[in-house]
Structure formats: structure tokens, C-alpha cells
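Each of the next two complexes has subunit A plus one more chain, namely subunit B in the first and subunit C in the second.
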Partner chain A sequence: MTNLLEVRNLSKQFKSSGGPFRKPRAMYAVNDVSFDLPKGRVIGVVGESGCGKSTLARLILRLIEPSTGSLRFDGDDLRAKSPAAMRRLRADMQMVFQDPYSAIDPRYTITRALIEPFVVQGRYTNGTADQEVSELLTMVGLSPGLASSFPHQISGGQKQRVGIARALALRPRLLVLDEPTASLDVSVQAQIISLLEKLHDDLGLTYLFISHDLSLVRYFCDEILVMYLGRVVEALPETDATVRHPYTATLMDSTFAPDPRQRRIIAPLEGEVPSPFDQPPGCAFADRCPRATAICRSETPVLSTAFGHAVACHNPL
Partner chain B sequence: MLEVRDLEVAFGQIAPLCGVSFALEKGETLGIVGESGSGKSLTAMSVMGLLPLSGGRITAGSIIFDGQELTKLPEAAYRKLRGGRLGLITQNPMTSLDPLQKIGPQVDAVARLHLGITGQQARARTIEILGTLRIPEPALICDRYPHQMSGGMKQRIVIAGALAADPDLLVADEPTTALDVTVQAQIIRLLDDLVKERALSLVLITHDMSVVAQTCDRVVVMYAGRAIEQGPVEAIFAEPQHPYTQALIGCIPKGLSEDEHLVGIPGTVPTVMNYPKGCPFHPRCIRAEDICTKTSPSLLPRVDGAVACHFPGAAP
Partner chain C sequence: MTRITDTIARALSGFRSTPMSRAFGSWLGKIAGGFLALLVLTAIFAPWITPFDYAAQDLTNGNAPPGWPHLLGTDQFGRDVLSRVIYGARTSLSVSATAIAISITVGMTLGAAAGYFGGFFERAVMTVVDLTWSFPDILIALIFVAIIGPGLTSTTFAIAIAYLAQFTRLTRAQIVRLKQETFIEVTINLGAKPYHILLKHLLPNAIAPVIVVGMLAIGDGIVLEATLGFFGLGAQPPTPSWGAMMSSGTAKLFLSPWVIIFPGVVVAVTVIAVNLFGDELIRALDIRDRIRDS
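What follows is the complex of A and B.
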């Protein structure tokens, strides 16, 4: 299987400028992330708020510029592309955003929102637009009759379908899905997920699926990257692979089973995610980790495959 | 402890709640579950007597708390009850604390008002409660401002405020929705312990069936302003009778089995402006027949619970 996307040592540093009472500070939102996304696979990125998963999505499409590291899309070095070349390339890689309410211009009709990508790419031809729009709407399970509606006239689930239709307009190969169901009701979330499954099979798409919901990621994805404070701490090659990193284990334990017969006493993780501005030396998870030893507080663990799959931990399970 | 019967609420001509009934005993946790716009939060606001704030009023039904009818209670009496014997935990801890006041005084005020104790006694109580909520260094935390704390900590402070006057009934409206999963697990565990240690009654309002499965004794499922099914948690999950409850459970990914396939429920949750006639769920229901479009099914008792459906029964 060839890799559609190769990410190597990708980092993004954000700096806050100082003020009269504050020193300038710097933090890594994404720190040394590497992974391969083979054609047709679905990789899930999971982590809590502030772990850098959305920043990672934006870095991959170069919506924000990486600080260091390399990005290859279908063999092409993305970071060497000029802005114009990058814009052309984005026809092949599209993003679905978390909040469908703010991702679509409220003054645009659905038709206008859906032909926008063609206009941006200079592929807009007057005659075929209507045909194109109704095809796209049908593809995402909406009635072509909605084409002349405005976003405020349709529901949140329908808006997210329009968001997906817009991302599919240019027939991309890679879709980056940034929490596409986080703002939807569960019954609608399940509709959208099953639509995404169908599109994946029909169009042979490759997905990078970003979510905070581990049970959804385990259901939907082939592989899982677990992030904590900007770093990938574990890369599960299968959704049922044995968990090695204590943080992944805690995430799994914190996820409730929807079954009262499987009620269990969970030992919740104490403490909170440290501020990325003053990270302690060593492993970022050490202060909350039940398995932490002296080395965890002095040396940052690197991803190693010595235990089967990639885990960044000094004392893996 | 709490009994709500045929509760109806109206805002002018619009009636977002029409027929909500449930009962809760001492030491029990009752889950109210439903999607957005189903009337869960309105039910909580009705119990807390906070409807007039948003211009709503109770048009029918009764709310009986420990033998006392609440729907006709004058505001002055309600004030004594609210924050005293009735505690409320709101959804967003970022907005339910006063950003300009330190943590200590905010929690002290509740005990001073309701228990009539001095400031010093109240502070000692506050520190003790913060300690039982596993907040590190409670005495120091009292001198902090809300913005200096994380979301999970703030939610603990809100819980401390709700507990300060020793309530008998706690209403928690989506207490963990704004929090990360590991923090959610901490808070849910904490609430569960509190119910057991203090023999509290807890009304837990949530959209998350998994949270209900893990914490509640009884469940009320709401849809479009109605309680459509209720019963003990095991029965609701093992043998749901209402097609909506069945579909809702089917919307949650359970595990890793390859055969599992999420389908969702076709259509969308109706808004209060366009509640369908008859059974509110009929446009999305696979079992709907003619009668469902015309008459609204009433809540009929079944084994240790109740269901409002013309064609109840196990999933096909």
C-alpha cells in the first residue's frame, strides 16, 4: 500500500508576545509528530482538549505553517510548494470542520456555498453548476430541492452534510475531518458517521479523523494515534490492539460503556493536563501517571516500537 | 422525595413541555436523557422554580418535593428552598461562578444565607466540603479567583456551592458536557460517591446514554417535551419498549465487533415551533401507522416503568 500522506517530525511552536508585565513565552502545540497515512485508510487522532489535534489537522493542509518537519502528499513535498501551487493541491485534500454553523457563510445559499470551491480553483463553468450541485447534494443524502436555501433554514445535521458536500466538490483524495460530529445530537451523529462510511467505500477516500471521543474513533477508524500535550504517545495499528501507554489506558477507562450491566468502579485519573507553557522536564504525563519512576521526570520518552507498536513510554504496560 | 406529575410548561402560546411525569426516592439517582430541545433543562428549571426568569410558566401538573407542592409556592418560600434543600449544578462551570469574587466567599455565602451561621463557621464548612470533593489544599483555593482554575476544578467548586447548605435533592444539568473525558469520569465518580455517602437524591440531566448507564438507578427518556419512556436503568437498556429509546441506544458505538453498524435516526429532532401532531416521534419512527399521526399516546404503565407508544414492544 502506498502512502498518501507522510508526516515527519512535524512541530508547531506558538509564541505569545510579552507585555508590560509579562515575558514572551513559547509553547509547542504540536511536537515532533510523525505518521504515515496509506491510501484508503482511516486514521483517528484522539486526545483531550488542548492536545494539539486540531492544530495538527490545520498543519497538514498548511492552513497554518509548520515550524519544522516535513509533509509529503502523494510523494510531493508540501512545504516546498508556493502558495499558488498549494492552493491547486488543496483540491486533492479537503477539510470538514467541527462547527457547521460557522463553517458556511450565512449569506450564501447552499448552491453558492457548494460552487465556491470551483470558483476558487478557477474551474467554474456556468452551465454545469446546477447539475454539479444537485449531484453533490444527492451524494450526501440531501434533497436537491435544498439548493436555494440559506444555512439558517436547515438543521445542524443538514448543515454538516453541506459541509461534507463542499469538501467533496473537487473530488479530493484526502479528507481531514476535524470533530465533524462534536456539535451534533447523537441520533444525527450516527447518521453522519454512516454517511462518511458509505462515502469512504464508494469514493475510495482516505480519512484523517480527529475526535475526542474514543469509542467513536474505535468504531470508525482503522488505526488510532493518541495525543497528549502535542505529542503522539501511542500509535495503535489496530483498534483492538493491546494498549501499552498508561494514558491511553486511562482514556479507555474513562470512556463509559453504554450498558448498565458493565458498570464498573473506575479509578479516575487525578490531576489535570499541565500548561503547555511550562511543561515539566521528562514525560508530560509523569505527574498523573501511576507507573511513573525517576527517569520519567528527567527524560522525555520517544516513540519506540520495541513493544510491538509505537509507544512513547519508559514503563509501558 | 420528588414527584413530578403531568407537568406542562408554556412560554406564551408555545408549549415546549407537555406531560412530564416521574418520581424519585431518597438516595436514588434519576437520569433524564434526551437530545437537544427535548425539554430536559426546562424540566430542571421547573423543579428549581426558575421558569419565571426566562418568561415561562407552569400551566398544568404538579411538582411535589418531600410532601410540599412547589408549583404554587410563593417566590419568598422558594428562595429559602433553592440553594438550601434544593441544590442546582449547572452545565457550564465557566459561567456559573462570579469571576470577580474569590472562591471562598462564593461558597460561604450559600451556607451563611441558608444555615444562618457566622462567616468563620461558614469558611470552616467550605474548607471541609472542598476537601471532601478532593480539591487539593482547600484553604488556599478559597483565596483564588475562578479564572485561576481549570474547568474540572471550577465544576467542583460549583458542586461545593450546591452542597454548602446540605441539600436533600441535587439537580445536575449536564454537569460534565463542557469537560474532557478524563475529567468527566472524575466528576461523575464524585457525584456517585456523594449520593451514596449523604443519601442525596440526584436528578442527572444528560444527553449521554453512557453516563446514564453508568450512574443512574432510574431513567426518564424525553422527546419533544414529553417523557416517552421510563423505568429502572437495567430494563431501559436491556428491553427498551419505545422505538425512540431503541434507536437512541443503537446510535452509540458499543465496541469493536465488525458487525456493528451505526445507522442513526432518519430526520431531525423537531423544534418547539414544529412539534408534529399525534406522537411527536412518528415522522422518524419505523413503526408509525395511521393512529400515530393523529392521537398522542399516553404514558401507560408497564412492568416497573411506563411507556408512551401505540405499538410498544421489543425491537424487531
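What follows is the complex of A and C.
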């Protein structure tokens, strides 16, 4: 199986500029992330808010320039692309955004929003535009009658379907899904997820699925990357692989079972996510970790496959 | 068939609720908007409406009080005040509207470029624009009079520069705010070039508050034009302008007060109408908070 996307040592450092009374500070939003995304696979990225998963999505699509690291898309070095070549290549790698409510220009009709990808890529032909729009709307389960509506006239779930249709308009090979269901009602979430599953099977898409919802990711994805404070702390090759990292274990424990007979006491995480600025040496999770020992506060753990799959922990489960 | 009726219904409902028509909805909006429409029509059709030639002198009938045939009386040269007030509307409205149009065009371009590109360019543009704001309007007008002489051209440029900063700052604030919206990131990710993002997304969404502030600025422009006319820096005789008319009336203020009162009243009423209608437009467009954030 060939890799559609290869990410190597990807990092993004944000710097705050100093002032007369302030030292400039730096933080890593994404720190040394590497993974492969084979064609047709679905990889999930989970982590708490602020762990850098959205930044990772934007780095992969070069919506934010990485500080260091390399990105290969279908064998091509993405970071070496000229701005014009990158603009053309964007047709192959699309994204569905978290907030469907501001993802469509309020002055655009649904038709105009769905035609825009073709206009932007210079593929617009006047005669077939209406046909394309109704095909796209049908594909995401919307009535073609919505075409002349404005975004404020349709619901959040419908907006997200339009967002998915727009992302698929140019027939991309990679689809990055940045919490596509996070701002939707639970019932609508399920509809969107089953739509995404169907599209994956029908169109042979490759997904990078970003979410804070571990049970959703376990249901939807083939592989899971668990992120904590900009780093991948565990890469689960299968969704039912044995969890090794204490952080992943806590995430697993804090998902609620829908069956009341399985009700159990959950142990919530103590403490806060530490500030990403000026991190002390050692494991970023050490202060909240029940298994932390002296080495965890002095040496930063690196991903190692000594325990079957990649885990960054000194005292794995 | 349903599609056609749908389209017609949507077109009709769209027509019924344009911001303009909503601004006309309240009685205040109706009065102010009606007065402004009447004033614009009067200015356009001035040659057919005025009872007398605005420049025709009748020295034997100077300073005649309001009556027949001179409804608003005559000035010191026996010129018909009503005709001059009507022609004065032409001068005042066209100078103010032209100046504000120049100001909006330049201000939006600078503000949009500054907001979009940011960085050093933004700081340079905003510093220069803020500098123009720190000069008193009269001083800017005097500079232009010194360079190209008194007249309507100087007045127009002086007014345009006086309001440049306002439009630049407003547009910049809008663009900076809009740049954070998800749909801009979506468009970038579709592979759009910067001009597409600016012209098809940022500017169309930023334009409404700029137009309304422009509308309000036309009222201020009329006052500034009258002020400059009053000092003799604007319209030169015999071109009638409300400010210049008031200025010529001061000499005989107690003998023939109608010469100064009528242009003064028209200026005041026009500016009040512009502001009231502008407020109604702001309410109709629901953009009060966006105007404040510049």
C-alpha cells in the first residue's frame, strides 16, 4: 500500500514578540510529528483542545507554514512547491472545517459557494454548472432545491453537508476533517458521520480525521494518533490495540458508555494542561500522570516501538 | 412551474426588504429620506425649477424682503435668493458627494490593502493616513488654496482628504475582522489567488458600513463646504453656494436677515436629514457595532 501522505518531524513554533517589559516567548504548537497516511486509510487524531491537532491539519495543507519538517503528498515534496503549483495542488487535498456556521460566505448562495471551487481552479464551464451543483447536493444527501438558498436560511447540519460537498467538488484524494461534527447536534452528528463513511467507500477517499471525541474516532478510523501538548504520545495501529500510554488510558476511561448497566466510576484527570510556553524538561503529562516517576520530570520520552506500537512513555502500561 | 413562482416570490420578498426600503420604514426615515430625495431632484432640475436666473442682478431691487415675485427676497445685488438657494444645492451636494466618493475610493483601497497585507505596509499606510487626520480641515483647505487657488476643486480635495482617514480605518478594521472568518480559510484552501479573496469575499462583506458612513460624511462634507465657502475659499462668485451666500449676507445681517437665514436653514435641515436617514440605514442594516470598531 503506497502512502498518500508522509509527514516527517513536522514542527510549528509560534513566537510572541517581546516588548520593553516582556521577553519574547516561544511555544511549539506541533512538535516533531511523524506519520504515514496510506491511500484509502482513515487516520484519527485525538487530543484535548489546545493540543495542536487543528494546527497539525493546517500545517499539512500548508495553510500555516511549518517551522521544520517535511511533507510528502503522493511522493511530491509539498514544502518545495511554488505558490502557483501549491494553489493547483490544493484541488487534491481538501478540508472540512469545524464551524459550518462561518464556513460559507453569508453573501453567497449555495450554488455560488459550490461553483467557487471550479471558478478558483479555472475549471468553470457555464453550461454544466447547474448540473454539477445538483449532483454535488445529491451526493451529500441534500435536495437540489436548496441551491438558491443563502447560508442563513439552512440548518447547521445542512451547512456542514454543503461544506463537505464543496470540499469534494474538485474530486480531492485527501480529505482533512477538522472536528466536522463538533458544533452539531448529536443526531445530526450521526448523519454526517454515516455520510462521510459512505463517501469514503464510494469515492475511495483518504481521510485525516481530527476530533476530541475518542469513542467517535475509535468507531470511525483505522488508526489513531493521540496528541498531548503538540506531541504524538501514542500511535494505535488498530482501534482495539492495547493502550500503553497513561494519557490514552485516561481518555478511554472518560468516555461514557451509553448502557446504564455499564455505569462505572470514572477517574477524571487532575490538574490542568501545562502552559505550552517555557516547558520544563521531561514528559509534559508528568504532573497529571498517576504513574509518573523521577525520570518523567527530567527526560522527555520519545516514541518507541519497544512495546508493540509507538508510545512515548517511560512507564507504559 | 413552481420554480418560476418560487423565483418570483423570492424576488418580490427580496425587493420588499432591501435595507434601503427598511430605512424608509419608520416615519423618521420617511421624512428624512423624502426630504433628501426632494433636494437631490431639485438640484438636478434646478434650471427648470428656479423662477429667476441665479446670476441676474437687479440693483434697483436690492435687499427686497420675501414676497412676490421674489419668494425668499433678494440679496444686495437684487439676485433672487430662492433661485440661488436652489442652485446652491447643486454646488453643495455635488462638491460634497464628489469629495466623499474620492475619499471612499482611495480610503477603501488603502484600508483593504493595509488590512489584507498587514505588516510594515499596513503600519506605513496607517501612519500617513492618521497624519492627515491630525491636521485641521481648514488648514488642509488652505494648503490646497495655496497650491491651486480658491475654488470648488480645492474644496473638493480638502473635503476628500479630511475624511480619508475615517474610511481607511473603517475598511481596514472590517478586513482584519473578516480575515479571521472560516470562509476565507476555505477559499484559500480551494487555491484562490489573493485578488479573488479580496474582491469576491472581503470587500463585498466590508462595503455596507463604509457606504453608510459615507452617507453620513456627505452631511459633514456639506457643512465643511459651507464653511470654506463662507471664508471665500470655495465657490467663487457668481457661482452660488450656501456658505458663500451666508458670508455675503453678514454685511447686512440686521437690514436683510433673509439673505443669511434661508441658506443657513437649508444647510441645517439637510445635515439633520442626512444624519437621521443615515441612522435609519445603520439600524436597517444592523451594523452599529461594526461601525464602532474602527
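Details
Keep in mind that, in the parts below, the second predicted complex is superposed on the first by the 316 of 317 C-alpha atoms of A that agree within 3 Å, B and C clash if a C-alpha of one lies under 4 Å from a C-alpha of the other, contacts with A are read in each partner's own complex, and residues count from 1 in each chain.
One rule holds in what follows: a contact is a pair of C-beta atoms (placed from the backbone, for glycine too) under 8 Å apart; a residue touches a chain by one contact, two chains touch by 3 or more.
All figures in this text were calculated on a predicted structure; none of them were measured in a lab.
For the composite obtained by superposing both complexes on subunit A, the positions of subunit B and subunit C are free of clash and fit together. Between subunit B and subunit C, B touches the greater number of residues of subunit A.
Touch criterion met: A:Q94 reaches subunit C, while subunit B stays clear of it. In the superposition on chain A, A:I64 makes contact with neither subunit B nor subunit C. By the document's definition of touching, neither partner reaches A:A241: not subunit B, not subunit C. By the document's definition of touching, of the two partners only subunit C reaches A:S102; subunit B does not. Put simply, if you stand at the Cα centre of subunit A and look at the Cα centres of subunit B and subunit C, the angle between them is 80 degrees to the nearest 10. Legend: residue contacts after superposition of the two complexes on their common chain; A:A249 is shown touching neither subunit B nor subunit C.
With both structures placed on the common chain, the touch criterion links A:Y219 to subunit B but leaves subunit C unconnected.
The gap separating subunit B from subunit C at its narrowest, counted between C-alpha atoms of the superposed chains, is 19 angstrom. Subunit B makes touch with subunit A in their complex at residues 35-36, 134, 150, 152-153, 180-186, 188-189, 207-211, 213-214, 233-234, 237-238, 247-256, 260-266, 268-269. Interface of subunit A with subunit C (complex): residues 61, 63, 86-91, 94-95, 97-99, 102-107, 116-117, 119-121, 148, 163, 166, 170. Residues 48-49, 155-158, 185-194, 212-216, 218-220, 239-240, 250-251, 253-263, 266, 268-270, 272-273 of subunit A are the ones that touch subunit B when the two sit in their complex.
For subunit C in complex with subunit A, the residues that touch the partner chain are 7, 10, 181-183, 185-193, 196, 201, 204-205.
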